[in-house]
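Right after this note come the structures.
The same chain A turns up in both complexes below, where it pairs with chain B and then with chain C.
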Partner chain A sequence: MEKVKIKIDGKEFEVEKGKTILQVALENGIKIPYFCYHPRLSIAGACRMCIVYVENYKRLLIACNTRVEEGLEVYTDHPLVKENQAYILQALMTRHPLDCPICDKAGECDLQNHGAIYGPQEQIVPISALEKHRDYTDWESDFLEYYSNRCIVCYRCTRVCDEVIGAKALYVDERGFHSNIVPAVRPIDTSSCEMCGACVYVCPVGAIISKPFKFWTRSWLLKSVTTNCSFCPGGCDIRLEYGVGDWRSKEKVYRVKPTDNINVCARAFFGYDVFNENRLLQPEINGKKCEKDEVVSEIVKILEGSKNVGIVLSPYLPNEVIETVTEIGEKVGASVTSPVADHLFNILDEVGDSDITIEDFKNYENFVIVSKDITSLVPVVSYYLKGNIYRIFGEEGARDEKLNPINIEDGELKNIKGRTLIIVDPLLDYKQISKVIKNVKRKKDFDILVVPRDFNALGLYRILKGKNITPFGTFTKALKEGYFETLIIFGEDICDYIGEEETYELISGIKNLIVSSPFSDGISERAHVKIPMALFGEFEGSAYTFMGYINFERFLPWSFDQKILWEEVAKNITGEKGMTLLEGKEDMEKLPGVHLYRNNWITKRSALLGKLYEKVCSVNA
Partner chain B sequence: MFEKELEEKLKDHINYFPRKEQAILMCLHEIQNHYGYIPKESLKPLSDMLGLPLNHVEGVVAFYDMFDTESPARHRIRVCVSIVCHFMQKDKLISALKKKLGIEMGEVTEDGRFKLIPVQCIGGCSEAPLFMIDEDTYKFEGEEKLDEILAKYT
Partner chain C sequence: MKYLPNILDIKAETTLNLLLARAKKVKTHSIDEYIESGGYKALKKALSMDPKEIIDWVDKSQLRGRGGAGFPTGKKWQFAVQNPPPRYFICNADESEPGTFKDRVLIERDPHLLIEGMIISSYAIGAEKAFIYIRGEYPAGYYILRNAIEEAKSRGFLGNNILGSGYSLDIYVARGGGAYICGEETALIESLEGKRGHPRLKPPFPVQKGLWGCPTVVNNVETICNIPIIVEKGWEEYRYIGPSEYPGPKLFPVSGKVKKPGVYELPMNTTLRELIFKYAGGTLGNKKIKAILSGALDCFSADELDTPMDYSPKGFGGTGTVIVLTEEDNIVELCLKIAEFYEHESCGQCTPCRVGCYEQHNLLKKIIKGDASEKDWEAFVYINKHIQPTSICGLGAVAGRLIRQAMEKFPKEFERYKPTVVKY
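This part shows the complex of A and B:
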């Protein structure tokens, strides 16, 4: 990389050529205020707030759109800069209603912050409060709300929707004073909008607001922790914000926000309400709450005293718990399975495991989507598909059409030239997929990525590989025949795969049912021993996601440490029987469908996502 | 879908340019000439023809004041409501026009003669406040002068 020397405020910096002044300044910790610039978005130059004085040209230039060059001399504290920044802020405030007490963005609003630091504290332009009204078009949404007169028209929302998400749901209506942000199709809930909430996050003022969060609390009362989401294998970096439990905020999760990488989808942004409803937070034995030690000895007693033990592992567990439970299974001679063990493991065996992450997507020119709809499966993957997009088995009207894919047959794959990534959806029919894979395997430039439906399915595969895993079809058959005396179920994946009612019927005859679930209703209602299972923010451990290998932290105050409990069970159990493999080859009857707003048993419980799901389904029907 | 005649014309425009999305303004003019305004329903088929997302086409229509998405009139009166005209008392001009025509902003007179539209800067700030009737620009010089100007358009 070519380097150039520039001077900012008299200090010399050696920086990469091609970068802008604003980028260089931010990287070196120099403060320049801005509204419309965002590291993930293109340059708009709409707000003019980032002006700097450039000595070489003897004038003001905007830092976000001026590239650095050799010998550039830049001043961020020149009197002209200060004067003009104050004027720009005054112009913005002139139209702004200044309704901070009833604005949800207060406390994290750029206009509020810059106003206090850089702005004038007086009115220059003669516009009365009554004139501060702008016409607007109602978004007709139950989830997003637009306040036109708070908008400073920075175009961040339309840019994030066009460039990052690709949903292209918003446009700017009119010009100048009357500019407004309007959805192309109203109501926006049932348009191409994916309800990812990226526009709410990038808005530097309170113009776009999330309705479910509105008026519940204030942003500065919440504790904000950066973590990763565990609702799908995306593993996106997000910020979880929860109340501390004093008189102004309850001890619950109030919202989820993306980080500046804008890896977010509706499941995280609106699905946070699963944290607050019907939670199982303490172990129970026969309906009575109890402490960890009691449960450990109870489980050890049950496991050592029973003949045939079955364990259903969940792909929503972190690696450490999967390893510990597998160890328990080996000690007591249990049959271990997981609902993903049949279809996903077969495909991964055939294709080969790959550790391609979303970061690596930029190395490919072509992407072939082998799926009905990859956007519904893992939305964040679709944000990173930049190149030629081809599609096999795609459905008409699927969300993937936002990428303008070219529909091809599997025979045409050989005509594609250049570095190509094949993205495979394991929920398709196995025969269909293997036909495509056969065409691909021989080519050098082609890589295959399997996109599972479930969070840590890749970790589950990597840990269980080479072990005596009972196929899920065979396992359910044995369950039907009443083979198992004791059953340990993690999560409710089993309901997704064989149906809720069928599951309840299957487990009704079990003598000892041990369930680990995050929720107090559903399967755990029928269990003899209930153990809490953690959602993100509640467990310590690692997982393999498309963001790479991720370590999760346990920080939510109400969380139960599931890892220690299972470790103690493993420590107290003796025996070296090895896993019991049930032979047989039963086909799974059906694979679960996936919807953007409902992808698994966790998001299915979210009331907000449920409302969205029903709204979208009622329009499509 | 478009009528055959109109569709042929749109296709001509699209084929004229090296990339089809470049024809967007020509196509919108063609639709406006055909219907007298741009019907909302025509945007989706147009975006499909041009290979553009719908929000892009909507944005172009919304940006240019020359495109009218609602009921047409024989003459369009465009009144500038930008910042300079605002300071130079555009409100007086607007209330005079409203009184003369008996309509609100965005409405059409009963006889279908005039339509009143607010627009952003029309590039004559030194003469503010300004308005346009069809393609002619006028300076506002009091209510009396208005009658004379409006009489030219039948």
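This part shows the complex of A and C:
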């Protein structure tokens, strides 16, 4: 890589040619304030806050759009820079309401932060508070709210929506001072907008805010940790923000937002309310709360005393718990299954398991999507395709690339030239797609990526591969016939696949029902032993996602450590019986539907997502 | 002939009989009339020449862009052909500057001169598609151009294999939606692409990455109309028109308080005084001149009447637009109009101009109403000064300029609005 020597504020740097001054500054801890720049977005160059003085040209240039060249001499503290940055802040604040006490963005607002440091620190244009308003456009939504008078017109929201999410749900109305961010469809709802919240996150001020979060707390009263979402295999890196449980904020999750990588969807952004409602946070035996040790010995006692043990593993568990529980199953001779064990495992057995991540997408020229609704399976995969791929490949400066999907019949696959990724939805009729897959497997330029619906389904597959796993259809048949004396169920996947009522019916005759669930109602209401199951931020462990192999940490102080519990159970049980494989080849009767907002048993519980879902239903009707 | 709309009776006079040779008559000249008076001869000559040679001629002719910036046209073309095809040629007919109506006269009365110029220019830079972006408020021009293109096609001057040369060209006409900013070449390109008329960040320049990311030349109507003249006469002879440093004919739209407003075609060694008194008949009622505006760009005082109408640093520059104000006129109120214009036309993309133009207008309104405090005055001067240094495009760069010049040149007029009595 070619290097050039440049000077910033008199200090010399050797940097990669082609980088912008702002990138170099950010990498080297040199402070240049900015509003419209964002690492995931195209350069807008609109706010003009990032100006620097370039000695070589003897003029002000914007750092975000000026590429470094040999011998460039840059000053970030030239008097002209200071003077004009102060002017820009004055301009932005002249009609800005400065209603920080009731603004959700306060504490993490770029206008506040830069204003304090770079602003004129006095009011130069005398405008009274009464004149501080701009034309107002109501977005008419229960989820997103736009305050035009706070908007600094930086186009981050429209760019993120166009370029990252690919929804193109926002545009700029009017011109000049009256420029206003307006949704393509009003009320802004799920007919145009993904409700991913990316625009809320990138807005440098409090102009677009999340209504469900509004007025609940202040940003600086929350603890914020970076982790990954476990609502689907996307594994998006997100920030989880929770209260500390004293006078400042309650012990609960207040919001989830993306990181600067902007991988996010509505499930994480608005579905965080599942963290706070009907949670099972402590183990219970026969309805009585108890400590870990009690529950461990109870489970050991039950397992060692039962004849036929069944275990339903959940793809929402981290690898380590799956491994431990598998070990337990092997020790006590249990029959082990999971609702994804039929269709998903079959397809993966057939096409092979791949560790392609979203990052790898840029190595492909074509994408063939074998799915009815890739967005609802793993939203980020489709956002990457819609928004990002064409920016990676697109020539710099070319703003016009569009995704032009074509419909092809499977016979035409052979006409596709170049590196191609076939993205397969395992919830389609298996027989239908296996033909396509067989054709594809023979081509050397083609790779296949199976996109499961459930979080760590890939981890589950990799751990259970080659083991005596009972097909789910066979397992439920045995369950119906009253075969099991003891049943351990993780999560409520089973309800997703065979229905809630049907599940309750099936498990009603079980003598010892041990349920591990994040929630205190539903299946766990029917259990003799209840053990909390963790959502993200509540468990330590790893998982295979489309962001790669991810290590999760346990942050939320009130959460229960499920890992230790199962490890202790495993430690205290003896035996080498090996798994019991039930005979039979029953396939699952039906496959679950997928939906962006109510994709699985976890997100189905979110009242907020439920409201979005109703919107969709009413739009469709 | 198809129905053609009526055109405006604007006076057009010429001493040179080049650009306005036909357009001095108030009528739309048909292709037959154009050919009869020697039209499309230059095209035939051009097609027999090497495109490189044409660029070389245009460069040597020292033709400068008439769209306002005065950039050497030959240089622009040379830059463009350094970049690989496809290339595009665009005629900027968005003429929206206050007081400017020179392109309109050419478009409405002598459309084939423009078309011929466009064909030669496109041939020279190797463009096979060319576009005319005409302002929405020129409906007549739009239909006239559409008609002229059909006429040219029917005679084999446009379309496939022009005059058997093997060169093909299509010209499309697009209409603006009423935004001055869409005359700025990169905003124009965005608008042509179907997007919001926002000027692009430069570099890259249109000659590098213009329409749909391809090298593109944008030229003004009047610039393009000079091309057939250069090709026909040869660059040496063209250089003898007018002063040697600034050769070629120039159109000057004159309006305001003059006896004979209109478009004048003159050499560039004409002075402002000559233009107003010798050609435009002097001021109405022989009143004393107070100021001369160059569109919405510059403000000249009566002391500066000897300014030459050329592109020298001290010259009149710009598009050549002359608006004459006399002693009866109120400079401050005029500045209010200018401030209003920039507030209305700022595209809103960048902070300094979006907010600056708005506040400049507001504060000036307050000043004229007599409501302005000391602080308002300070703020007004502050805003006016700061719109330029950080704005993206040429509009922001000049949005405070005329008003600042007026404040410097007519301080007394502004003094009158200053608060003398402290209000309690």
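Everything below uses one rule, namely that the second predicted complex is superposed on the first by the 601 of 621 C-alpha atoms of A that agree within 3 Å, B and C clash if a C-alpha of one lies under 4 Å from a C-alpha of the other, contacts with A are read in each partner's own complex, and residues count from 1 in each chain.
Convention: a contact is a pair of C-beta atoms (placed from the backbone, for glycine too) under 8 Å apart; a residue touches a chain by one contact, two chains touch by 3 or more.
Fair warning: this is a prediction, and the values are worked out from it, not measured in the lab.
J.: So if we stack both complexes on chain A, do chain B and chain C clash, or do they fit?
T.: By the criteria stated at the top, chain C and chain B clash after superposition.
J.: Just to be sure I read the superposition right, which of the two partners does A:84 touch: chain B = first, chain C = second, or both, or neither?
T.: In the superposed model, A:84 contacts chain C only, not chain B.
J.: I want to verify the contact counts: of chain B and chain C, which reaches more residues of chain A?
T.: Counting residues of chain A touched by each partner, the higher count goes to C.
J.: For A:65, select first, second, both or neither according to whether it touches chain B, chain C, the two together, or no partner.
T.: second
J.: Please work out whether A:178 is in contact with chain B alone, chain C alone, both, or neither, and reply first, second, both or neither.
T.: both
J.: For A:308 in the superposed arrangement: first (chain B), second (chain C), both or neither?
T.: neither
J.: Quick check for you: in the superposed arrangement, does A:169 touch first (chain B), second (chain C), both or neither?
T.: first
J.: Determine, under the contact definition given at the top, whether A:542 touches first (chain B), second (chain C), both, or neither.
T.: neither
J.: Which segment, 253-261, 361-369 or 415-423, is the chain C region that clashes with chain B in the superposed model?
T.: 361-369
J.: Where on chain A do the contacts from chain B and from chain C line up?
T.: Common to the two interfaces on chain A: residues 172, 174-178.
J.: Under the touch definition given earlier, write down the residues of chain B that touch chain A in their complex.
T.: Going through chain B, the ones touching chain A are 51, 53-56, 58-59, 62-63, 65, 81-83, 86, 118, 120-121.
J.: Please give the residue numbers of chain A that touch chain C in the complex, ascending.
T.: Going through chain A, the ones touching chain C are 43, 45-49, 51, 60, 62, 65, 80, 83-84, 87-88, 90-92, 94-95, 124-126, 152-153, 172, 174-179, 395, 397-400.
J.: What residues of chain A sit close enough to touch chain B in their complex?
T.: 158, 161-162, 168-178, 182-185, 192, 402, 404
J.: Name, in rising order, each residue of chain C that touches chain A in their complex.
T.: That would be residues 179, 181, 193, 195-196, 201, 204, 209, 212-213, 343-352, 354-359, 363, 373, 375-376, 378-379, 382-383, 386, 389-392 of chain C.
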